[in-house]
Structures are given as structure tokens and as C-alpha cells.
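First chain A sits with chain B, and in the next complex the same chain sits with chain C.
So, the complex of A and B:
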């Protein structure tokens, strides 16, 4: 056993070093900073100046009383839930469609869905900036004006009358468009690995297309569904780049377009540059992420899926 | 149950013609083996009958019913794949129950039927397991159970035994035959193992490059191969085949390798006189010849030099080189000539086969067709 342990360590070591250098150490550093009053990167004076739990207490009061922060929390919840749903279920639906249609069309179709992911962030942001722009020159507005659906241009993401739902719809839509291709690619390649005979056998057994999907395709990729769900959950909790662009260019309302991750980023590097406070929020974010990740694995019964190996290799 | 008929069926995949203008009848309740080398179109025929492929041309009938345009689930067939294709995420029970569930059979009926077929195939103790927890032979039975639980009219088997070891194969082979007869189901069995085909089938269909070569009971396939392909495909080792020139001075005689001559039996004489080919293709089975020291009167004899002797315990395979032709002869174990020794290969009376060099068809069949045609 000791020998196997050592062997395992040998193979895991390179990865462990990377994890320690780029994850554990920054985490410890963040946790450290969260107990200091660090602002404006005055590292020399403030990094060893402990204020105890002050940042956490502030965070608590903010969460309790600050209406803007409430919006951030709500937005986070809505954004993560709905975008996750689109990313997993939408990805699955797209993968099934592309799997069932003719290979050449399927390839073009998959490439099309990959475009948002391959487009540089700034270009992508600009696209939506023009699309949802509040003036009459905005793509959506000018289109709807021409069609006569609306009489006046609509400020899609910022008009208080439509908040918060319009802003939420936009951020979920834009992020879903980027994220859905990930699930699609993973699920599609998983489908491609299912032996053709299984599908034929199901057909011979009398399964219609819908029953093949339900009884063969989806159950056979359940592993991949768990993986994509957890992966997307964690990345949605922590990602902020697309939201940053949307908020910064005022495509959407500032608070109903900001999730906790973006809030941490803005607090640390952009608005007030209060790194100590941001670090405290980041630590909370990591804790939430870890718990949610574990809960998801639990709900999806991950442990039951790991079957014991058939040999003692 | 039902008779399966293919009428002028052709199947193309792009430029490949996998099955070419096939006319075939699989008798009601009969066990038919489809035998042919790899890539000959056996699986394609099976899948055409199953409805997985649509023919490019021709029609398929189950009895009087034209099923050409019917989906697999509308045909009432059971199909067993070479790799079994069990659903890995379902237990054995669910695998067998799957076709019934799709038919919206009531759960109690499903239960009864699954248990019945599982008992019949001796897998009722495995119902809670997953396919990955079964041995090859057990998986094969589960696949068979899944095909049989539908009570199909036609049972299609695509090399179902090829993943099993030799002993198990022989055991299951007789079991399969018994099951088929007991159920009276029309069975089509794809294999490239000739001993399997000859041992199990009521009728053997030999196919090559998508074209039917011969369709006959096993002993006919073995004793009277219709053409050179069938003769050289069946038997282990297969028949010796070589070209020879003819001589018609008094009666049709074959100039055999090594310089001997053999004047043909009456059944061939008529055809040869009429066709007068300058050459024929000659064939005989290794088990229909013996090694002799002196040529015996009347029997066709070939002179040659012993090339190798392979002792197999029960018998020996002696290879004799005559001119540039290698002939194999099966001999009793005590016959062990030295390599290089000069010997005579004598073929049993009436066991020499002659084929038309152009069409490669057995002259016996040509003679028969002529006498029938007038």
C-alpha cells in the first residue's frame, strides 16, 4: 500500500505543484488579505495590519442592509440558475440534434454554435452593445421600429420599468450563448462514442427516436452530464468577464447585471479598490462554490457512478 | 411462423455494391446459414431483412406481406449482434424487458415473460446483474433472450458465437439449434465459420462479393459445390483446385499434372463432348484422395513429390508437389511418407470435380441444367 501511495504521489506530483502554486497559495493569500484593511494596494503598510473579522462583519452588514448588494445576490442566484439550465439542457438538446442530423449539416451547425465562444470578448461585447443599444440606432430597436412593433426605442437592459427581468434576461441570454456550446461539444462526442449497434438494437426493439434519446442516448452520457453541470456551475459562480463588459458599457443595469464574482472584481480592482473587503467576499464565494459543487455531486449520485474496477490493475 | 423472401434485392453504399440482385427464400421454420468471407455482404442481407437498411432495388416479403418499406419494429424480428449490443446501463432484467416495455406491455405480463425466457435460457439467476458483470457466454444468452422475448417470427443472428471460445461454441451451437427447433422460428444465421454452418443449418447459402454462389443443404454444398469459389471456400483444408488441359482423341480425357491421364466418367462425357473446352478446372477434396505406391486401375492418379507432412494426431495432412501445383491429401496417421519421396495421389472414384474454365461452374450442374432444359 505504501508503495502504491508513493507511485500515486509520483504521478500526481506535477499537477499537485501546479495546484499548490496557482490555487492553494493564492487562496491562502486571499484569506490572509481578507483579515487586513488593504486598500489601493498599499501592501507595505497594510499587509501585516490585522483587523480581525472587520471585513466579514462589513460584508454581513452589507448583505443585511444594502439594497444594491441585495440586487447583486439576487442577480447571482438568478444568473447562475438559469444560465446553468441553458448550458446543460440546451447543450444536451443541441448535441442530440446535431447527432441525429446528417453529418455535413451537423458540422456546420456545431461550428455556428461555437462562434460565440471563439469570438474575442471585446468584439462579442460590442456586438451586444449595438444589439441592445437604447437609442433608435440599436439593432434590436431599429428592427422592431421598422416592423412597427414598437413606436419608441426601448432601453432594453436599463429601463427601470422593465428591471430587473430585462437585465437578467440579457445576461442569461448572452452568457448562455457562449456557454451552451461547451455542453454541446462534450455531449456530442460522448454520443459519437456510443456503439452504433446499441442504437440499431434499440430500433429493432421498437424504440422511436424519442425513446432512443430517453432510454439510450441520455442515460449513456449521464457521467458527462454530471461533469458539465458541476463544471459549468463552478465557472458560472466565478466568471465575470462577459458581465463586466455588459455592465461597463451600460448594456444592462449596473446592479442587476452584477454577480458576486463581478462585485468582488470591481471592489478589488475597479471601483473602490478595497482589496481587504474584496478578499473577504472572495473567500465567501469559494466556500459557497465548494458547498454547491459537493451538493451537486451528491444530488447527481456521483459515487454510485464510479464502479469498482474489474481487475486489480 | 413465416417464410422470408428476397426478390431481386440490391444494396449499394455509395459506389460499393454490398448485395447484388439477390433472390433468396428462407423457409418457414428453417435454420438457414449465410456463409461467406469477410465483407461478402452477409450482415448487409441480415440488416435488409431486419429493416435497418432499405434495399436500393428489389422487394422483401414475410410470407405474403411486403415488408420492404416497414420499419424494424413493424417486422416482428429478433436480432442478435456479434458483440451482443446489450444496453450497458440496464440490468439483465431491464435489457430483456426493454422491447416489451416499448410495446407498452402490462408490467405483470413483462415479468412473466422475462422470467419464462430467462429460465428457458438458464439465466434467471443473473437478472439483477449488469452486462459488464457477465461472461461472454452469459452475455450471449442475454442477447438471445432479448431477441426471443418478443416471440419473433424471424430470428436473425449475426455471428453470435464468434466471441466465444471453441468449446463453448460447440456447446451453445447445439443448444441454439434445439431452441430454434423447439420454437419453430425461421432463423437466419450469419457466420464465416463453415463448420458452424454445416453443423447447424438446414440450408446453407454461400455468398461472395454480394452474389449468391450456392443455396443448398449442407451435404450438397460439401459434396457438390456449384462452382470453384464454393469448392475452395468449404472444407478444411479446402478442395484442391488446379487447371488441366483436355484431350478428345477417343473420349474426353484430362491431362493431369505429373503426366498421367484420366478419361472422365460418363456423367461428364456428354457435357464435355458438347462444350469441347480445351481446358478445365479440376478439383477434389483432400479427404477423397489417398497416397498409394502403385497407380491403381481406373482411379485418377497424380504423380508428385512429397513436400511436407503435418501430423494432426487423428490424421496427417500430406502436401504433394506436382509440377508447380501443391495438392493436399488427408491420410491415416500411420501413412507418413518422407519429404522428397515420389508418390501417387489417387482420387476416389467419382469424386473428381470438373469446372467450366470460363464461368467456373461445376460441369455436373451444367449437365443437369441441359438435361432439364432439353
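So, the complex of A and C:
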């Protein structure tokens, strides 16, 4: 038994070292930092100073009285709700439509919709930078000017007259394009597991396409829908990279483009470099994230999915 | 294969099929348009933002970009940037991430597939949780470690230290998913093959190397490609950990559009940078289509 344990440990060691060094230790450190006054990364001087719950109290006061922080909280709520809706419903629609059509065309479309997810962040940001560019050369302005909808170019994400809705629409749209492919892939592969005879039989009985979708396809992926919803919820609450680029390049307004996760990142690394405070906000995110993560594990019934190993000697 | 809906043909035929295909096309227009704008602009003298923009074909943007003259309007005092170095830096990070991910995930995935040990199922669940873990909470702690260790590194070596650190830190984010994907591939290899090696007196490691690895090449390729692209596309870690003069393509593009630089930025040249940066992704797409789609869904089915 001990020999077997040692053997497994040998195989697992590289992974374990990285998990401890880059997940567990940083997590403990982040929690620790949230009780210190750490600013400007002066880790050697400030890491053993304790301020108790001061950072959390500040967070509370900010949430109550700071107008910019209110915008961040509102933006987080709007961003997560609407992007989640696009990711789940859009993913389902894409999966159904690509499932129904000819396989070669379907493959092309699925790859096309996967492209935003695989595109380097900086390039994806650049695409939308050109699209929402405030000058007459921006794609959206160019189209609308040509069609006569607008008379002069609009600064879509930053014009105060249209805030906050324009900025929200842009961040939801841009992130939705990345997120929607996840649901599409999961649902599509679930559809592929449905025995074709089932659908052919329904077809032979005269079921219309809409009825096939409603009574066969959607019910078959009920659990997948729940899973994708929770998983995407988790991912949206904690994602910040695309928003970082959009805000940094002034595609959208700073506060109406910033969610709590991005707020943590900017507070720690760019704006005020107050890591103690950022860590406190991060801890709140971790708590929300862990609860959602555990819910996901429950839903997926992971214990049943983990098959016993073969070849254990 | 015969014809008809029963034999792998489309489930919807005739006019309905065409309607769906057209609907998908319209929905895909923003994607098609933005990517074409980027690529066309890199070969044009202006931003090709819509079909009726009149532009002239030119390689000038690519020349300016590759010569490092990224802001031609900035005047004569401007020093060209070393673009080749940015490209090499991007490749170093991407290659490094690939190596670290493979080294740490192949053996673990094998162990999860073939051995029973204390906390096996607990560890597998933990990996799934880690995959979904709030990255923003980690990066604060990871940077604190980076700063702390940095004070022990001699100044001359600090650039190497930054690169090594950013590679390992970025690779760690990819490891949970890589292990799950690879485990799926290992699970499909019949156990009898290794058994033969082990009966002949070989160790588990020999069995893994000689009997199993050749059979999971597609899995290793998939994980390697995902890891490479993760390192290749990274902006945040590189921006945070590498010193400002050690740019990658991502941080270079970021620096061109970041606040305060717009007056001197010539957008068609940035488009050339973006297009070059996109090439590996496109190649990967064309070459691995099905493997890509299957791996992305398979990794989650467990």
C-alpha cells in the first residue's frame, strides 16, 4: 500500500507542486493581505502589519456611499445577468441551428463562432476598437452615417448622453460573442448523443421542425442547460480580461465598463495600487465563486462521473 | 453512406434549411465583418471599416510595423522598436507554457486514469474547482510571491526570473483542464498494453512511455496546442509580470492603444500587428478543426 502511494505521488508531484505554489499559497496570501494595509506591493514592510477588518469596513462604506463604486456594482449586476442570458440562450439557439443543417456548413459555422474564444485577447479587443471607434472611420459609425441614421460620428461607449446603457450594451455584446460558443459546444455535443432514430421516427410521424426542437432537443439537454448556466455564471462573475482591454482603450466608460472583478484587478495593479483593499474585495469574490463552484459539482454529480481507475496494481 | 435524413444527412432540408443557413449568416456578420476589417486594414492605407470605403492596397503598414516604426506621425526623434524581439518574447512565453503544462499534466493524467490512491476523487473535484477559480483573486497572491522572491534575485538575472515566473504562473492556470482532457484520452487506451510491459519487468514509467504515450498522441497534441495558444494569447500576466521594455505582441498592441498614446498611433499599422498576432490561431483552426471541437466538449464530459 505504501509503495503504491509513493508511486502515485511520484506521478502527481509536478502537478501538486504547481497547485500548491500557484493556487493554494496565493489564495492564503490573498486572504492574509486583505487584513494588512499593503499598498504599492511593499511586501517586506507591510505584510506583517495588521489592520483587522479595516479593508472590509472600507469596502462596506464604499458600497454605501461612493457613487463610482455604485456604478461598478450596477455594472456587475447588469453585465452578469445579460451576458449570462446571451451565453445560455444564444448558445442553445446556435447549437440547435447548427445541429439541424448540413454537417459541412455546420462545422464552418461552429468554427466561426469558436473563433472569438480562441482569438488573442489583444486582437479581439482591437476588432471591437475599430468597430466602435468614435471617429467616422469606425465600422458602426461608417454604416450608420451611410444609412443616414446619424449625422455625425458617435463615441459609442463613452458619450455621456448615452451612458450607462451604451457602455453596458457594448460590454455585454463583446463578452457574449466570446461566451456563447461554450454553450454551443456543450449543447451541440449533447445533441449528437441523441439517437438519430428518435428524431427520424418523429419526423416520419410528421413532426415539424419546431416540434422536434421543443419536444426532443430541448428536453434532452435540460441538465446541460443548468450546468452551462451555473458554470457561465461563475465564469462571468470572475472574468475581467476582456473588460480590462475595453476600459483601458477607452472603448467604454471607465466605471460603467468595470465589474467587481476588474475593480479588484485595477485597484491592485493600476489605479491606486492598494492591494490590501483589493484583496478584501477578492475574498468576497472567492466566497461567491466557491459557493457556485460547489453547486456546480453537485449538479454535475461528479462523484458518479469519476469512474474507478483501470489497471491499479 | 446512403442518402436521406436517416444516414447522416441534414435533419432539415429544402427551403427551411436555407432559411436557417441564412439566419446564421446574418447572425455571424459582426464576426465576419470585424475580422475582415482587421485583416484588410493591415493591407490598406486607411481603416477598411465598411464595404464602400475606398482604399488602396499597400504593404506599407507591414513594412512600418516590421521595421518597428509604429508611430510614423510621432516625428523624427522617434526610435524604432525591436519588433522581432516582441515576436520572440511571445513565442518564448507560449513555448514555455506548453512545456510546463505537458510536463505537469501527462504524468498526473496517467495516474488519475490508472492508479487508485488516497483522495483520488477529491483531487479530481478540486481540479475542476481550480479551473473555475476566480483568477483575479489568485493573481494578487501570485504577484505578492513574485515580489517577495524578486528581492532575492540578483539584478542581472531579474529578466530571466520574470520570464520563468510568468511562464510557470500562466501554465498553472491551464493545468487543471489539461489533466481532465488527457485523462479522457488515457481512459480510452486498453490497459492490457501496459500490463504486458509491466509483466516483462518494466516500471510504470516505462509502460507509460513505451506503451501508452504513442497511443494518446492526439490528446497530447490537443493539450499542447491549447497550452501554446494560452501562452501566445496572454495579455494580463505578461503585462503584470514582465518588465515594461520586454513586450510581447499583446502588450505591444496594448501599449499602442492604451490611454495617452492615441495621438501618435497609426491604426493601420496596429492592424498589421494584430493580423500577424492572429496567424497562429488561424493556422491552428484550419489544421485541427474537429480535434478542437471534440476536445473542447470532451474535456468536460469527464
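We take it that the second predicted complex is superposed on the first by the 261 of 313 C-alpha atoms of A that agree within 3 Å, B and C clash if a C-alpha of one lies under 4 Å from a C-alpha of the other, contacts with A are read in each partner's own complex, and residues count from 1 in each chain.
Assume a contact is a pair of C-beta atoms (placed from the backbone, for glycine too) under 8 Å apart; a residue touches a chain by one contact, two chains touch by 3 or more.
Quick caveat, the model's predicted, so the values are computed rather than measured.
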* Is A:203 contacted by the first partner chain B, the second partner chain C, both or neither? -> both
* To do: Tell me which partner A:26 touches in the superposition: chain B (first), chain C (second), both or neither.
  => second
* chain B versus chain C as contact partner of A:60, first or second or both or neither -> neither
* When the two structures are overlaid on chain A, which partner does A:223 contact: first (chain B), second (chain C), both, or neither? -> neither
* To do: In the overlay, answer first, second, both or neither for which of chain B and chain C A:195 touches.
  => first
* Structure fact -> The answer to whether chain B or chain C touches more of chain A is C
* First (chain B), second (chain C), both or neither: which does A:215 touch? -> first
* Could you tell me if A:261 is touching chain B, chain C, both of them or neither one (first, second, both, neither)? => second
* Is A:50 touching the first partner chain B, the second partner chain C, both, or neither of them? -> neither
* Structure fact -> Both partners, chain B and chain C, contact chain A at residues 197, 200, 203, 307, 310
* Structure fact -> In the complex, chain A touches chain C at residues 4-5, 7-15, 18-19, 21-23, 25-30, 33, 38, 41, 43-44, 47, 94, 97-103, 105, 107, 109-116, 118-123, 125-131, 133, 137-139, 141-143, 146, 177, 185-186, 188-189, 196-197, 199-200, 203, 209, 212, 231, 234-235, 237-238, 240-241, 244-245, 248-250, 261-262, 264-265, 268-269, 275, 278-279, 282-283, 285-286, 289-290, 293-294, 296-297, 302-303, 305-313
* What does chain B use to touch chain A in their complex? -> 47, 50-52, 71-73, 77-79, 81, 83, 85, 87-89, 98-99, 102-103, 132, 146, 150
* Sites on chain A touched by chain B in the complex -> 195, 197-198, 200-207, 211, 215-216, 219-220, 222, 307, 310
* Can you list the chain C residues touching chain A in their complex? -> 5-6, 8-12, 16-17, 20-21, 23-24, 27-28, 30-35, 37-38, 41, 46-47, 49-50, 52-53, 100, 103-105, 107-108, 110-118, 120-121, 123-126, 128-130, 132-145, 147-148, 151, 168-169, 171-173, 175, 179, 187, 191, 194-195, 198, 204, 229, 232-236, 240, 249-251, 253-254, 257-259, 267, 270-271, 274, 277-278, 281, 284-285, 289-290, 292-294, 296-298, 300-302
